[in-house]
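What follows is a pair of complexes built around chain A, which joins chain B in one and chain C in the other.
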Partner chain A sequence: MGMIRSIETVTAQRVIAGKTISVSVVQRKQTPNKLSIAFNAVLGLLKGMWLTLTYFWSPEKVVTRMYPENRDTLQLTERFRGNLRFKFPNETAHKSHAALLEHITHETQTLPEVASEWIRDEDPTRWYHNCTGCSKCEEACPNASIRILTRQGEILEDREIDRFVWRLDSCMFCNACVLACPWDAIEMTGGFENAVYDRRLLVYCLNKLAGPRINLIQDEQDAAVRARMIDPRERFGGPIPMNGAGLPNLPPVALPAPPDVSTGAA
Partner chain B sequence: MSVQVRTLDDLLHAPLDADSELTTQEYLVNMGPQHPIAHGSLRVVLRLDGETVKHVIPVPGYVHRGVEKMCEHLTYRQIIPYTDRLDYLSAIMNNWAVAKTVEKAANIPTNERIDTIRTIMSELQRLQSHALWWGVTGMDLGAYTAFLYGFREREIIGEIFEETIGARLTMNYIQPGGLMYDIKPDFAQKVKNLLPYLKGCIEQYETLLSGNVIFQERLRNIGILDGKHAIALGCTGPVLRASGVPYDLRAVEPYGVYDKVNFNVVVGEVGDCWDRYYVRLEEMRESVRIVEQLIDNIPEGPHATIRYNEEIILPEGLHYGQVETARGVFGVFIASDGKNKCPIRLHFRSPNFNNLWIVTAIASGWRIADFISIQSSLDLVIPDIDR
Partner chain C sequence: MNTALINMAMQTTLAAIEPRTIAQRAAESAHENLWITAGYFLAAIVGVALLLSFLGMALIYIERKVAAAFQCRIGPNRVGPWGLLQTVADTLKLVFKEDFVPQMADRTLHMIAPFLALLVPVVLLALIPYSPALQVADLNIGILFITAIGGFGVMGILIAGWSSNNKWSMIGAMRAGAQIISYELSATLALLVVVLFSGTMSLTGIVQSQEDGWWIWRGHAAGLCAFIIYLVASTAELNRTPFDIPEGESELTAGFHTEYSGLRFAFFFLAEFINMFTVSALTATLFLGGWMPFHIGDWTSFNSAMDAIPPSIWFLGKVTAIIFVIMWFRWTFPRLRVDQLMHLEWKVLLPIGFANLFIAAIIVLANAYPYPVAGQ
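== the complex of A and B ==
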């Protein structure tokens, strides 16, 4: 029985591996007599108890964040590595930044039918993207979570992105694809609430349009030709394993009819 | 204290000694792979006589993912996020080990700014790791309050990481030839504001646990490991230093800017659980000292010396590099054929694997409750053992 009352460190020089380094040696000063041991033992317990008790009258020291309740005010940092997303340069013109963040956060939550609503409702210029389909991200990905499907463009007669397939289920959010992208086409966002009831919904297309980069579309003056350059792409659908497709004991997800990509796909 | 090499099968099927006087019998008990103090999936088979531990048989492998084999198909940049998932509490240091090895082999230069930021981040990570360990040790020994205090500091340092890097646990921050992102302009000020707070927290740790008589009784003179056996068993880090061997790579083979800062290597005298506990607390103070010296003058410069997409091919041969993580020496051994972007063989020398096996040498003869103290004081991270 004993009680370590105070711990002192003594600085000294020691030689190890032919090198003299300064060390601090942990030494214990133990209390000698029994009365002192009992006193210090009780004192130590009371001190610890006191520290805990102080939280009763100074609740401002509490650092707990009430997560599900504070969702509306939750501020994630700019570099937070959450869900991968396409950068849409025209998008901020359509929505405020706050509304955009809200949209990004809940994007993966939506059902396939809701996710493809934009095709009917919205202006396609909003979804012009920077991606050229160069596959640098696919090469950089350590888990093969990215699959780039390209197609031969009709107007510009060059390879262009058809589907950018991202597997959320095998992604480890290492940011390699974002750093590898030479065109600044993708980003990691603040979306982290990824729970779905069906794992088939964790594989999906990031691009909303199949077509060339934004500047190549915007260089074209004729609106009719511009419209022919692009084709809509839904979030789910297309010839991708698990992208809404059936699994053993699981029927396919009820999706809108996918567009015919057999002519254009790589 | 003795170390015997026997197979798991031998140990499990060895005859159980019967004690004729007390009509008791030895028996085997699995502690883990699912157990509150196992901190992960570590199975430990205990040969018990009553409550006395006669023999400890660690059985790792429940989180084996074959990371080293996977790395044979990955480029050197792709290996780095996998090292986050070994010792996840020392993710930045593990990243640095790979980056250091690759940089040395492929002659990729770094600059003063990169080295300084790497050192600061590593020391913050060490603080974070030791804060978590302190809380978990308290929880293992019955003090749940400590767990909440340890996590408080961990989260506050995590905020800094999240702002700079974008992740709290699996950082993937240190890349060959630089850093993933440059620090933000207000990074230095934020860290400077944090340091006095952390010092106060370490004092709170002393009040809450170090001064607690129950806690002291459960650590003092338990599981004594002397320096000779510590070296023979290959253990490193605070476990080795608590046994009185002042071996710290930061001082012995300085890397980064560790040769430009003043800090003491903390060593213990007895080598028991208390020394392992207190050496870590002192190391936190030393880490604060290191960051204090560096944070005021981070040199200017680019945050990466090579482009991200630049192909890295190591020359033919064997390459080794090591760093001091929060748990000991983490080494990366790469065999390259000089043609491929990937290593042909790769091995991680992980500190926890060696630190684990000292329980076979020091835990015999103690009670089950003491075994909990011993295992907590080793600060094991199970994915680092299994890989």
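== the complex of A and C ==
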């Protein structure tokens, strides 16, 4: 079936339209006799039954996760495609190959860890990012769930990311944005507990800082200049209508004051 | 009335000592007191109702759990301990659903069909010897009755498909008709082998003829062959996977019961599962010795240990094993095409069945059993 291997073909001379042409002929296989067909059929059935029986008596193969009960210990695999987030660039940059391998194969986090981590932690030094605002993810997104807003940089005089707006409500978690990113700036996490009462809360501003990539900031020696390169960005707010902004009959989502990043530590 | 009840209770206790069918007891008591006969009828009706509801619930729960285990899942586990009340919850849901009849459907037939489908396995339940003391009726034409009534089962499905006024229902019903009628031939040929071996058509007689060894291995290869043919053919008669083309979801939505909802749908479902129990019970009775314990030749201590297990437990164990095998088929094999189905019956099973019957006749004529049998 399928592919014809060259060993099954023979070269022969055929007279076609008055010319003798050498052609490649596929040898017909001899049909096996009915007894061997029947034997193979029964053997196949028995093999299948044996396979399902091994599934039947091995409870350790059960793949079901008892989710609400095992929430505290639920392990999410590396490849799980949950909420999108900005990657902290220095997370894996300085690790050796072996350590990196270890990191990849053993980074199965439990759900509470994921949930607490998905909006990066409180440490402002981990808020820097690799995003250049190139809009490749926006182009790759089949649902138009990503909107990139850029601004003119004050110090570097180049376009840089202002807001990375991700619409969870229309995202289908296809991972195309992560694959499209040339800078390895975003990743998908294991978070999936996204229920909210206000649908405006499903439109996120993913970046914590508006500003250039982390290495461009690190190249600058003067801390005061570094602090001028970046501006804090809250999770909600901004010019995108649903992103926490007020609607007719609805006040804007109440947000805490933006944190202070004036020290410019990177 | 009181004395009648006491009489009945005494007779019931006597029954444990003196094996008689419920029908015999009812007939005997008719000479003395009609109240006792009525009591037996009432007991039989209540018993059948309880058995039906229990069997339906238990089998559906087991099917779902077994399916889950075969597919590396857990299965129902939310309603009640280990999900035991899941079937109860589902039944309650079906009871409260709308009983829908399509606009152009034949109303009367549409209403009757589920009951016809359920009637057949219920009638067959009456013939099965559950233990020496528990059998509703022992007919001397038992096997003939089973094949006749079993063939009637296709009527419910055909009527359901016809009256629904839906092309899927119709095609599904026609497929079911063709399939059941075809496979009945092979099933009957396999039954005839056992009739030849035991020399009787009464089910109790067949069970008693297996006292020295079950027909599955006392009939040389013919017994085993008949057993396999009967298992395959009855799986096809049950419309279960791999022979479930009458309700093939991918092409026919749900086949003959597409237009059914609520309790009538539940009746089709119940009929399918009761049918599965009936077929397994018949297979156990005919080929695996019914309620007879497992004996090995002269191993007296082993045999007496086997005798210590009550006959009804033996029967239930055998039935459970066969039900498990049928479920195992369902969760392993892919569905056959219509032409493959017909090919399997008419070109494979039927010739083998005829040859098998012929060989069985030679074995019986030559009295060439592997070991001698008492009373033959």
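The working rule: the second predicted complex is superposed on the first by the 149 of 266 C-alpha atoms of A that agree within 3 Å, B and C clash if a C-alpha of one lies under 4 Å from a C-alpha of the other, contacts with A are read in each partner's own complex, and residues count from 1 in each chain.
Convention: contacts are C-beta pairs under 8 Å (C-beta built on N, C-alpha and C of every residue); 3 or more make two chains touch, one makes a residue touch a chain.
Remember, predicted model here, so these are calculated numbers, not experimental data.
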Next on the checklist: Looking at A:Ala195 after the superposition, I want to know if it touches chain B, chain C, both of them or none. Which is it: first, second, both, neither?
Outcome noted: neither
Checklist entry - For A:Ala144, is the partner it touches chain B (first), chain C (second), both, or none of the two (neither)? => result neither
Checklist entry - Looking at the overlay, does A:Ala223 come into contact with chain B only (first), chain C only (second), both, or neither? => result neither
Checklist entry - What is the contact status of A:Val63 with respect to chain B (first) and chain C (second): first, second, both, or neither? => result both
Next on the checklist: Just to be sure I read the superposition right, which of the two partners does A:Leu53 touch: chain B = first, chain C = second, or both, or neither?
Outcome noted: second
Checklist entry - Does chain C touch more residues of chain A than chain B does, or is it the other way round? => result B
Checklist entry - Is A:Leu45 in contact with chain B, with chain C, with both, or with neither (first, second, both, neither)? => result both
Item to check | Interface residues of chain A shared between complexes with chain B and chain C | outcome: 45, 48, 51-52, 63
Checklist entry - Considering the complex alone, what residue numbers of chain A touch chain B? => result 1-4, 7, 9, 11, 14, 16-17, 19, 21-28, 40-41, 43-45, 47-48, 51-52, 63, 77-81, 136, 140-142, 172-176, 179-180, 182, 188
Item to check | Residues of chain C that touch chain A when the two form their complex | outcome: 66, 69-74, 328-329, 331-333
Checklist entry - In their shared complex, at which residues does chain B touch chain A? => result 74, 77-82, 84-85, 145, 152, 155-156, 162-167, 170, 172, 180-181, 204, 207-214, 216-217, 220, 245-248, 251-252, 262, 264-269, 274-275, 278-279, 282, 286, 308-309
Item to check | chain C partner contacts - residues on chain A that touch it in the complex | outcome: 45, 48-49, 51-53, 55-56, 59, 61-64, 66
